[in-house]
């Protein structure tokens, strides 16, 4: 057991980093859900827990904004960044929930391409959050996220074209379309967060 | 007949309360549209009127922002709140219009659950608007709206799972899916308004 | 060859006008894509170029914001307007791409009504951008855009009702629904831009 001698003051940077950490965990669960041998109920239960943990962090951010006199950025921007990160978790949770409640048994292999994109996005975002303190070396992050979002967009249209090709039954197409759209929402969410960070950097410069 | 001795100056608080009042009326019409014996043309015509009345109030808000020198909140926030309330009315109007133009005859009973959620949201929002003046006792409002939105989200996924279960024909699923998504847009709209109010309270504190 | 004697300083107004000019070109390509005799691959390739050119202008706007000390509006508003215009181009590019990758052969004639709406929106927006400098005579612009968006909304619901009427096969409906929704996103994008301009005018007044 470690003793704590100094009062703990989690900074906004720590909380954003924590929030992005939940996203890394969320993508890992998403990848697990897509594997052929996944126990859907079990993964979905763990995703729900991860989503609750992410909610806690978001609430801590909002509470800290309310109780802090001098904030490192405008209150609205902290709020936007916190809820932007939270929205991504919600979209990933939605994917897992849709696979569960729609009782989808076979997922086209193309979906893993989107999970790969999400994995890169989550890692980059988690690595970028601590850099908000110095506001340095962030440009590469948002440029790469934008590139990944473009890639995700191309994948998305190709997956939809496949779904509409006549290979799947109408009801299966409807289920899978909802799922791939939630995947795209998650990718778009990372772009939104990157845009907020870019605007913050513009303001600070 | 009552004589008016004092000049009438409708405040921003009155206008927001009026705007939320239109939403209470809109939900009532929505509930009527969903009843088995509803005359769709008749309800849709009255909804159109209610939507126009809501538009008038929104225009009054924008006009007042333009002509007032000192506003109680930032102009952008007044604008965001006004258009946030207006968006909800548009979504509810869309539901009624979709039921009419898609010529949907049988609506799954689960849809009323979402209208119940909307009814609670509209009442809470209408009760919260006058409190913007003191900015007090609003926390309960936005917490409850967030809870209702979560509930609506769960209902939404369950309804979709039912639509995709094979019980309905593909074309019927497409029509109903559009309708339940507009219902969800309206619920999301109430959450957006609650978030704006929460951010206002953060700024003012 | 013309000699340039004065240093060229493209203003923000010029860049916004340039950005709106790309939209005029984009709509023209969209109209071409919808014609019966269109070579889909060829039009899509030219649309991709037009979209890249629009991206360049957006990047110039962002770069100029970053390197300019005194901006004519708040940095965030310049950013919002620039990315608002860019989003419209993305939606129009998406329509062309969907027609290509979904291999849609027959497009219902009603789609041209939406392209007509987009054409009017693009022209009005291109004519409004230079007026940002004086902030005069802009009210007519945003009122007309709002009217066009309402018209587009009505068209949209009527087109969906037709798609759901039983005249088309389920898979065809799914493809066409995606396309008409991207068309509506583009129209909504013009309304968003008009709203930003309206809010700018409110701030400046």
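A few comments on the model shown:
Each chain gets a letter, A, B and C, in the order it is written, and its residues are counted from 1.
Rule of thumb we're sticking to: a contact is a pair of C-beta atoms (placed from the backbone, for glycine too) under 8 Å apart; a residue touches a chain by one contact, two chains touch by 3 or more.
Fair warning: this is a prediction, and the values are worked out from it, not measured in the lab.
Chain-to-chain contact here is organised exhaustively, every possible pair of chains being in touch.
Two copies of one chain, chain A and chain B, form a contact in which under half of the residue numbers belong to both partners.
One copy, chain B, sits rotated relative to the other, chain C; on C-alpha atoms the angle is 120 degrees to the nearest 5. Chain A and chain B have CA centres that are 29 Å apart. Residue positions 170, 174 of chain C are each in touch with at least two other chains. Per the touch definition, chain C reaches chain B in the complex via residues 157-158, 160-161, 164, 166, 170, 173-174, 177, 195, 198-199, 202-203, 205. Contact residues of chain A toward chain B in the complex are 62, 65-66, 75-76, 79, 83, 94, 97-98, 101-103, 170-171, 174-175, 178.
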